[in-house]
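Letters A, B, C and D mark the chains as written, and numbering starts fresh at 1 in each.
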Amino acid sequence: MSQTIHRSVAWVFRALLPIVTTFRMLIQDRFALWGLSIFGVFIIVAIIAPWIAPYDPFAPMMTETGRLMRLAPPSSDHWLGTTAFGNDVLSQLIMGSRVALRVGLVAALAVGFISTLVGVISGYFGGIIDDILMRMTDVALSIPTLPFAIVAVGLLGPSVDNIILVITLLFWRNGARIIRSVVLTERERVFVKWARAAGASHLHIILKHILPNILRVVFLWVTMSVAFAVLTEASLSFLGLGDPSITSWGQMLNTAFASGALRSAWWWVAPPSLMLIALISSLYLIGRAYEEQTNPRLKDHS
Amino acid sequence: MRAYITRRLLQAILVVFVVTTIMFFMFRIMPADPTTMFLEGGMTEEARQVLLEEWGLNGTIWEQYVLYMGNLLTGDFGNSFFYRKPAWEVLFPFIINTLWIAVPGLLLGAFIGSALGMIVGWAPRGGKVERSGILLATIIRGAPSFVVGIGLLAVFSSYLNWVPGYGMGDPQGQTGLMRYLNWDFAHHLILPLCAVIIFFIPENLLLMRSGVVEARTEDYIELVRAKGVSEKRVAWHAGRNSMLPLITWLFPALAETIAGIVVVEIVFSWPGVGRELVLAVVRQDYPVAQAAFFLLAIMIVLANLAADLTYSKLDPRVAYK
Amino acid sequence: MNYLVKSVATATVGAGSLFFASAALSQEKLGEIVPKLSLAYYAADMGPVYEQSARVLSQEWAKLGLEFQMRPIQFSTFVSDIIVGGKLEDMAVFSVGADPDRIDPVFYLNNISACGQRANGSSWCNEEYTRLAEKQLTQVNSDERRETIHQMQELFQSQIPWWPVTNTVYGILYNSDKWENVTNPSPVAAHENLVDPWLAARPLTDDRIMDWAYLEDVSTYNPMSEEGATGWMRFVYDTFAKIGADGKSRPWAAESWEFTDDTTVRVTLRDDMTFHDGEAVTADDAVFTINKIVEIQPPTMSSRIGNIAGATKIDDHTFEFNLKTPDATFETIAMTYLFILPEHLWADYEGDMVNRDVVADGVAIGSGPFMFKEWRVNELHDLRTHKAHFAAPAYDGIRRLALGQADAIRSTMLDGTADIATTVLPVAAMSDLGMQEDFLEFIEIPSHGTMMTWLNNTKPPFSDLEFRRALKTATARQRAAIEGWLGFAVPAGEGNVPRQTGQWYNSDLEPVAFDIDAARKILEDAGYGWDDDGRLHYPVK
Amino acid sequence: MSIEFETLRGTLEKKPPVRLQVQDLCVTYKSARGPMKAISGVSFDVEPGSNFGLVGESGCGKSTVVKSLMRLLPASATTSGKVLLDGNDVLAMNRQQLSRVRWAQIALITQSAMNSLDPVFTVGDQIVESIRAHADVKHAVAWARAEELFAMVGLPPERLKEFPHQFSGGMRQRAVIAMAFSLNAGLLLADEPTTALDPIMQDQIMSRIRDIQKRLHRSMVLVTHDIAVVSETCERVAIMYAGRIVETGPTHDVLNKAYHPYTMGLQNAFPKVVAKGEKKPPLISISGGVPDLANPPAGCQFAPRCPFATAQCRAEEPMLRTAGNSLVACHHMERATEFRRAALKAETWRVEETLQ
């Protein structure tokens, strides 16, 4: 029994190793540094959001005269002013980070898992399984992203969990294809042939030989999926399909847009837009830098 | 080559068939049904049955499915519940409006994107041009299309007031074909088109750039330069070779384009397929929504096929078994 | 998100229960805990107002020791599941619009309160109340009917199965430099009214086309199948009568009418009416239209023509309605809805009349104040004034722009492309604009549109009258009006009929003031108790 | 043939062979491990119409020399010295002048023809591109010239319409050769044109190049590590080692009366075809490797591998001095005859015993 624990611990350690090396490699690239730091800030803000948000995101702010403080421009006690419903924009912004990251990370992990599963199985086993899975991927690739999401959220109801489910249903397809192509090249490697000849089980080969080598692509794909997930959640919320009981940035923009305050209340519209851009592009920065470091032909040899 | 095309077409038909089926069942198991709009107004139960029967919604789901698919083969998308006109007739004018921003947007975005990508890719490695090019492209790529839309609206329409922000033309404008060919329509087209172009540039730029960066280390580039041709011509060789990954990405990206365009149409009140699709889904107008999905699925599948064919034209090495 | 609601509630309740626990002293055994209640409301696709109101109301109700699960539901699913589907789990907060039909209280009294009615989502069934409901329908004499209606509200107020929270205030924003005499359509919403402000308005400049920034809700110009935009259809097709502000019908195409007996109404038409193609409007057209409708029974009209047997011509300008049963609402609901089609354009049409594409056939011709000119779907509707109409407006035409989103409407109002805006742009934004810009004027339209709270009367705790009384006492109507509707709604009255319906509202129902402590007192007297962390428990069995 | 084509051919034929003078050429690469001096002070002249050989182990910098002559080095390289084509210095030219000179006066046959042709353009188009870059002629005329060039290298003209991947290795090399002659450049640089080919094909290609050379009377710089090829093709030769010319002169003298130990070692390491009945000399290789250019040893670069190296060799770098008809960079060139006899014996080159 102790022997298997020992081996699994070793395996976990070995699986973690590439992530550590990736991290160290990423640091050298200036873009990745920028991306990682911005992303890090978002994660910290998301974790400590309830404590640093000055007000409850939905609490109505009252003026001295007891009237609802609507569309107040930024002031000392409301750094980013208030919304058309008298809520504090800064608190909604901070709480919004929690939603964006929750959707982003959970959906990305789910997408990453399914893409890897489909990619590895169809890439490694090939034959009929490969055909079936690839035809399924073709079908999934032909479904227009947002319209499908609109129908699905209409069907399931506009809660955050449903949005995560819809995003997972939508984005596993691209990853599956990328990972499958990488697995195909790995499978042809000589040592895989030897291992097979030596009687190793499929699972053993996949875990020991195939998976570690494609971790690079999986990591890249998961980073991109976080960006897609945040982007799609924001678009869905903006279209009014988001969960109104939460304060995602897309939801803030939807409320601003629906209240016709888009042009007058810049302090209500600009911050969530900038947060979205910052978060998504920081992820793209990490993904891009990662791709350049690990793709020999792109590496900057100067 | 011919065998390949027929195989791909068969595959395409299968894919479109499956997508339409998925969409059909998704609409049918929606809790609300199209008569909801009238129930609120107090429609009697018998009247509701008459409507359901007229719209072919009263049989079992399986009967409805067979009926729908049967009609589909004969090109009949069924009548819209809301407009009571053939779904195709409802959608057709919207398709043209969407194409007005989708096609030029896609092409201009791809053209500008790849041109910039070539410049950034050809610039000295690690230089200022490369760094700022990549940073800018990544930031714009990070902006959701509605943020781009809102930004354009805020700056050009409300602050600078150069361009109208909404609709497709002045209410007094001419009608029929002439309405598309006049200055006023172009004036309204500018902002939504820019939003789509901006939505497209970053991907193209970054893909072309990495293509050019890879190509410039190739041996043939050295020989071309040795031939004493102009530097621009040498860059063209690198650019020409990096068009391949671009094309394979560009056409299938239509699935994402439609998503982006739906939001652009809503932000700019542009009467296109995307906006009508959202309205149709909210109204439970299945035939129109399904016709729109059918149309989008076909566009995407054809795009994939087009990508493969142009790929072979661009890269002679790819022979088709 | 709901943990926030819970934490706010427990904090305040904690203090409260400390006080009560010490007062109660005795080791009172608590009954079973009241479970988490789901609160359904319109999702974000209907705008942020409903979410904000539901939150405010649930915050106050939570002070009774209750806990809520917020459940946003998309509009169409909400209507089909909860309003007509009978699938209301616990509670719902939603609103119904200010349709002209609802000036006659039958919707509030019967449709959503009487036994067996499909729209009775709160599934409250009281035999006595339902008997009165059927009776008032047949009372053609309005005084008798008012007496019965007031009695019904008395009975309803004693049971309070559900209750209204606020009445919506609509608004109109118009360009006062270009238009004057823009009258107030209250209590009906502007897009449902014809005379106010549309026919009353007068142009001040040479731009004699009124541009109305709105959304796209018209599905066809065939009045037999249009349900969503009946208001707009009445611009083209005249009706026999018009609803007045006092809830009574006023003559329109029908000069006068009277009940010759309980089931026949003799109507005399105006003699100066012409269709848009110049043909005179006679009783033949009216009789032809009514009999055709009764014969075809168009589905969308079913709720209004169920009681009509047919029509018989008396002479060129008089005819009689033959009703199946006496119907008190005929004047206010049917006469203001039924339209007149030109017989000479429809008589020889064989196809399915209900689905006839009138625009394509070029027969979008009625006798209303405006003539059809053009319809670009999802873009605009263009109507020109029918000069010969007896109440023709003082300008040349009306154009409705299908902009469909608040920001577009706002900017078209500001740059002068649009002259008037009535909805989609929130009322608060309209009033802000009215104040900021001197060329924009804002009119407030108090309406009978109602936001109401429904309870599932079939199961505890809502089956207990005391609990319902306590819940009503803890309903923060004022806060909902201010924080949910941004001040553009007024706290609703008592009973189930809106105060704005004028004569039908029973004003001497004894009011229930908002008071959390009184509400907790009611619960305590009824045997309910609170545990240490302030959660409400049922009385001990 | 159209008149235009005749005029084009006429102008090209009249172009004289070019005189190349390379004076003190230095090339240093900027790399992660600091600057690397790939070429330190190479000078040689190529008479018009003559063939000049550049011989040395791979990594001795001979390809870098060729590339620097046409300024094709990557951005990380810095070049100094002079490269005179009929008197004007290529290194001093601006981009405009350089592009006029490239291919018109100085053309290149690359080493690995495998991927030196752009895969997405037809071979014909690439040749036409080189012609039209310099001569303002219609596409058809340039195509006719390309057909003539293909005939010259023995390739069927209809293959011009095909893509590089449809050519075999040998055919692709011949296509590159055809392209090199497209403008009848005065100076031809052949950078190991046959290394990537099998021996039979090598011989065919080299004899093809020699015939064209004789017919067109161009000057040529042939870079190779194959002494046999050099001896058959080039009138003069230079032996390069670690970025320097260690010996240069008429091919016959250098190969038969070598003064520099490296030249002697080079000959031993190369299989010679001997007349029937003669004993085959043993193959002796020079042990050790090329010095690390990042931190080169002091004194003569060959000292660490030279069996006759003395203290002076390790201290002071020898300069090129005349020896017979050649120039040689060795402190002990006067003992050349003794070295030559010792060099023939295998044990001379065994490193262990000869640690003087």
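Operating definition for what follows: contacts are C-beta pairs under 8 Å (C-beta built on N, C-alpha and C of every residue); 3 or more make two chains touch, one makes a residue touch a chain.
Given the structure is predicted, the values throughout are model-derived calculations rather than measurements.
Asker: Hop distance check: chain A to chain C, minimum number of steps through touching chains?
Answerer: Shortest path length, in steps: 1.
Asker: If you take the mean of the Cα atoms for each chain, which one ends up farthest from chain C?
Answerer: Max centre-to-centre separation from chain C belongs to D.
Asker: Quick check for you: compute each chain's CA centroid and the global CA centroid, then name the chain with the smallest gap between them.
Answerer: B
Asker: Please state whether B-D or B-C has more C-beta contact pairs across its interface.
Answerer: Of B-D and B-C, more C-beta pairs in contact link B-C.
Asker: Using mean C-alpha positions as chain centres, tell me how far chain A is from chain D in Å, no decimals.
Answerer: Computed value for the inter-centroid distance: 56 Å.
Asker: Please tell me the distance, in whole Å, between the geometric centres of chain C and chain D computed from their C-alpha atoms.
Answerer: Once rounded, the distance between the two centres reads 93 Å.
Asker: At what distance in angstrom does the C-alpha mean of chain C lie from that of chain B?
Answerer: 39
Asker: Got the chain B residues that touch at least 2 other chains?
Answerer: 30-31, 124, 153, 158, 266-267, 282
Asker: Which parts of chain D, given as residue numbers and ranges, touch two or more other chains?
Answerer: Residues 75 of chain D touch two or more partner chains.
Asker: Using the touch rule from the top of the page, what residues of chain A touch 2 or more other chains?
Answerer: Only 154, 257, 262-263, 302 qualify.
Asker: In the complex, go through chain C and note every residue touching chain B.
Answerer: That would be residues 45, 74-77, 79-81, 83-85, 96, 99, 101, 107, 111, 118-119, 211, 216, 219-220, 222, 225, 227-228, 297, 299-300, 302-303, 306, 355, 357, 374, 376-380, 382, 399, 401-405, 407-408, 411-412, 415, 417 of chain C.
Asker: For the complex, which residues does chain A have touching chain B?
Answerer: 30-31, 135, 138-139, 141-147, 150-152, 154-155, 227, 231, 234-235, 238-239, 250, 253, 257, 262-263, 266, 269, 273, 276-285, 288, 291-292, 295, 297-298, 300-302
Asker: Flag every residue of chain D that touches chain B in the complex, lowest number first.
Answerer: Its residues touching chain B are 67, 70, 72, 75, 95, 98-104, 107-108, 110, 112, 115-121, 126, 129-130, 133-134, 163, 165, 176, 179.
Asker: Along chain B, where are the residues that touch chain D in the complex?
Answerer: 124, 218-220, 222-231, 233, 237, 240-241, 244, 314-317
Asker: Contact residues on chain B for chain A in the complex?
Answerer: Within the complex, chain B touches chain A at residues 11, 14-16, 18-19, 22-23, 26-27, 29-31, 124-126, 131, 134-135, 138-139, 141-147, 150-151, 153-154, 158, 206, 210, 213-214, 217, 252, 255-256, 258-260, 262-263, 266-267, 274, 277-278, 281-282, 289, 292-293, 296-297, 300-301, 304.
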